[in-house]
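Next come two complexes, and both contain chain A; in the first it sits with chain B, in the second with chain C.
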Partner chain A sequence: MKKKEPPRTVHRPPSGYISVVPLGHIKEDVLRVVADSIQGVLRLPVDVTPEVGLPESAFMSARNQYNVLDLIKFLESNHAGPSLKVLGVTAKDIANPILTYVFGTAFMDGKAAVVSTARLQLSVNGELVSREQFLERVVKAAIHEIGHTFNIPHCHKDHCVMRASNSLTELDEKMSYLCDYCELFLAEAVGDALRTRSAQTRQAESG
Partner chain B sequence: MGRKNRFMVVDDELIVRESLAAWLEKENATVDRAESGEQALDFMERNLYDILFVDIKMPGMGGFGLLEKVKQFYPTTVVVIITAYGTVDHAVKAMKLGADDFLVKPFDPEGLGLLVTKLLEHKRLLEEKEYLKDEVIRVRGKTDEIIGQSPQMTALFEQIMEIAPTESSVLLLGETGTGKELIARAIHANSKRLGGPFVPINCGAIPESLMESEIFGYEKGSFTGAVRPKKGLIEVAEGGTLFLDEVGEITPKMQVDLLRVLQDRTFFRVGGVEPLKADFRLISATHRDLNHEVAAGNFRQDFFYRVNVITLRVPPLRERRDDIPLLVMHFLKRFARETNRNVDSLSEQAMKILTDYDWPGNVRELENVIERAVVTSRKRVITGDAFAYLNPLQVCVPQGNSPRTLEEAEIAHIRRILDEEEWNISRAAKVLDVDRTTLHKKIRKYGLQR
Partner chain C sequence: MATAETKKGAIAGFNFSEKECVWMRARVVATKYCDNAFDCTTCAFDKGMKKKMERESLDAGWNTKMFALASEEQRCRHALTGRAPRNKMCARNYECGDCPFDQMLDDMIQVDHTLFGPPQYLNAHGYLVPRDYYIHRGHGWARVEYGGRVRIGLDDFGNRLVGTVDRFRLPSLGTRFKLSEESFILSREGQEAGVKAPLSGVVTAVNQKLLDYPACAHDDPYSAGWVMLLDPIELKGDLKELYFGVDSVKFVESEAERLLSMITDDPQRAAALGGEPLPDIYGSFKEIGWNKLVKSFI
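Up next, the complex of A and B:
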């Protein structure tokens, strides 16, 4: 009998940089590809935390969806810890009170972001897309939302990952990385965030 | 990079305000949030908005009340009404009241993205329409768009209406910046040649070597570089009006050539052998004293008689000071719109500085001064400080009736700040750095009234 392989994603205690939090069950390959991609873009260590359940209060029964704003607040209050930013990944369908659905949401300069894989598995015709295409979509949504948490707005240049994508077609059309400008702004924002955090740590230690 | 758009979400529900604002902020826009129509109007006094997203059901004036006010006072601001599912009849009413579009909650994110793009384009077109309306008025040069109610300008308008229908050549005399081209356009617009072109030539700006080919045109091969024939401005002006600005700068040789055209009504292109028919009305303008130039031998007498059949004198601005406030408000409105600034009036002191100034550069100088003031102003009301550079003495040296006692100075200062802040007590108190109660007491004590 074949021995079951242990999961390759290592759940370490948060290092204080970026945390990826599975909200409900998420397959290992999804978490790994999200963590690796964010680590590659931000050049910061990314930790994957153990799975946490979705808060029932965020469920909108009339719409059979989770309120993404509540999920963001939930992550900020309970799972941010010492991390610079937290990204929640869920397989449940998410929306906010004014939009029928979203692939992901983050507040500009916010602490937490959430992406959902629920609508990323099918093509525009309703057929199942390849695992490769699905993972690419998840990566795009994750980098896009993390970008917003570092105050990077929507980009209108070519096919930058920060371009707004309100449909699967738009999501498929863009690249899974940032354009030169957004990359520059992101590097600056990450540097600022690290400096601010160092200053706060020093202040706390001396105080 | 383009200008950053500014939106406002007006909704009494925090969750709607926050979620819509968060979505819009990612479009690199500045987004303000207001929880009532009253608060939204307060924000609109300070900032210009591209799009307002307004919920219908709100306490106070409500979405319909706000919509009416916005369309009345800020017609180029786009308003999108937000309604809940099942209240589409409200949306219909909103569209009748002038709303630009509506959204039914919850809306499709793809639709919202397309709507914002469409509405920003709509807003750009609205602004372009306003600009083009002004431009058409400027090009057509209607007399009722030349600003002035002074006796001098009234007399000038009467003269324009009298001479416009004739075919006689007109000479406009006036200092630089008095608006001679505008008068020329007004004559053209009221003449039988309105359907034809109005062709202005600034004789002082065209190099002498190019003047001949510019005015008469040329045939192919007439000189090196003439690879194809070109129409001269005389031909372009066929059936319309030719306006020779700064006619005093024309060389004697060109005066002879033009004289021949005016006498024979025919001309030749440079290098051409076929005589061409000239069909234009001539209006000339100069800031020079042409009688003196003729006497000095710099201007040909016969050409002078040809261009000077009818003479109109355009008065300098210092001779018609009554028109300054009208012109100021006209330019203020125009530049506020063109530069997207929320500026709409001048303080009494500022207007006094402008009416007392001598304006050596005339209306053009006034136009530039107002543009500068609008661009640099951070308040709705432009104060005297913005024009201090025009006549520093006037601002620094106390006048005969200026306050002498401390109390008089306090009254004058409080009144000035209240006027500047349009008698908004909170804002005035903030500027004066006192609390509202203190300011109310002072107003009562000194019997100040709006």
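Up next, the complex of A and C:
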């Protein structure tokens, strides 16, 4: 018998469950940590796509911010590909017509979500936070929004990542894991999404 | 199909009892050895048994039998395959046909199966050794997964050794470790153990669930109890330093023997008794001492 066997890839998954799409330039370490943490926590295979420019139509010049709802629509119609879900990551400040800023946004059961790193660099007092703390915040925001795209509602259990977080303090207080209940929601939603996708594929093949 | 062939071939050579079908281990059938690499999702026998189970649960014959035979320990049938945490008990007298947990797991298996697959266990003197995972001599495990990312945790032996851990200290995202450098730290009653990194890499994810529920690692060391993901730096070279497959089993067996020799004068005889190892070795033999145990094994 051979001394060491190579890693086997019997369960090699089809690529494209979740795609992380950099909207504009995003530092390499941020992208890696976001992609790996989503895969780590959700146990779904994650790909990172090449950088995509932000659509000018989403820019609200009066507020010097991007409209996150437009960014989500842009991703849904242009960059969804075969993946179940798409997460746009941008360093630009984002907002929606009503809220003056958001860390991220997703539609429940939607295909795409967007998070922004713009407001995650500073502490409540306006000082620069450590790289680790910054990365942790981005990861929490990213997993939280992807969770919503899998139809997981806000949660109140312990430090579950699906807790609502409207402030940096709330974001810092929660953790990056899914509680047992949210894990069940996720498993169910992923099962449904995969069945829908394979039904669509079959339909496309026969039609 | 080529993959099925590889899977069938791959379990040859392990000790015979390891090939007991889950239905045999659950003592529902007398003799049945697995010929499908413990992949119940594609096993015709499993499908047949499930159908039979549904039929027979109508007249209560099947589950009465399951109930009687497995009397002292009603473990969920999914715990036997490693799909559910190993301490998951059956609360429904094995009426899996209408068990929501069973249904949920079947859904999850479908999902999980297409991703990384549930761990399939080998047995090393009663300690669980997962197939497809690499084991470091300090009992950290490493599993290469999608995208070349590597998931890390502490193996079953290590978890049983330290027992009821009350706190995990996880490294920050972005931390860089060299092979065998102390990476994550677990503590119990104020005493600490640093687990060595099974390979060199940068931390790109951590399991913060362990901060709220440290028992996760002990209850399910190879799935829910994962500790971190590393973005490897020298994967190929590092993996050569680790145990895999049969070598992992041999390694953990030798560790179990070494541990027994600390506890008893007659380790050979003790080893032959078999059975499931204690869940909390430190707590059961406090006279050995935390530092000695940790230094000797972790």
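Going forward, the second predicted complex is superposed on the first by the 193 of 207 C-alpha atoms of A that agree within 3 Å, B and C clash if a C-alpha of one lies under 4 Å from a C-alpha of the other, contacts with A are read in each partner's own complex, and residues count from 1 in each chain.
Following the convention adopted for this analysis, a residue touches a chain if its C-beta (ideal position, glycine included) is under 8 Å from a C-beta of that chain, and two chains touch if they have at least 3 such contacts.
This is a predicted model, so every value here is computed, not measured.
Set against each other, chain B and chain C differ in how many residues of chain A they touch, and the higher count belongs to C. In the superposition on chain A, contact is made by A:E136 with chain C only, not with chain B.
By the document's definition of touching, of the two partners only chain B reaches A:H148; chain C does not. Shared-chain residue A:S176: touches chain C; no touch with chain B. In the superposition on chain A, A:F107 makes contact with chain B only, while chain C stays out of contact range. Of the two partner chains placed by the overlay, only chain C lies in contact with A:A187; chain B stays clear of it.
On chain A, the surface touched by chain B in one complex and the surface touched by chain C in the other have no residue in common. The touching residues of chain B, counted against chain A in their complex, run 15-16, 18-20, 22-23, 25-28, 82, 105-110, 112-113. Of all the residues in chain A, the ones that touch chain C in their complex are 1, 3-5, 7-8, 10-11, 13-14, 17, 29, 32-33, 35-37, 39-41, 43-47, 131-132, 135-136, 139, 158-159, 175-178, 184, 187-188, 190-191, 194. Across the interface of their complex, chain B is touched by residues 63, 69, 95-102, 105, 107-108, 148, 153-154, 164, 166-167, 170 of chain A.
Remark: chain C residues 3, 6-7, 10, 13, 104, 107-108, 110-117, 132, 134, 144-147, 149, 151, 172-174, 202, 204-209, 211-212, 226, 228-229, 231, 239-240, 244-247 touch chain A in the complex.
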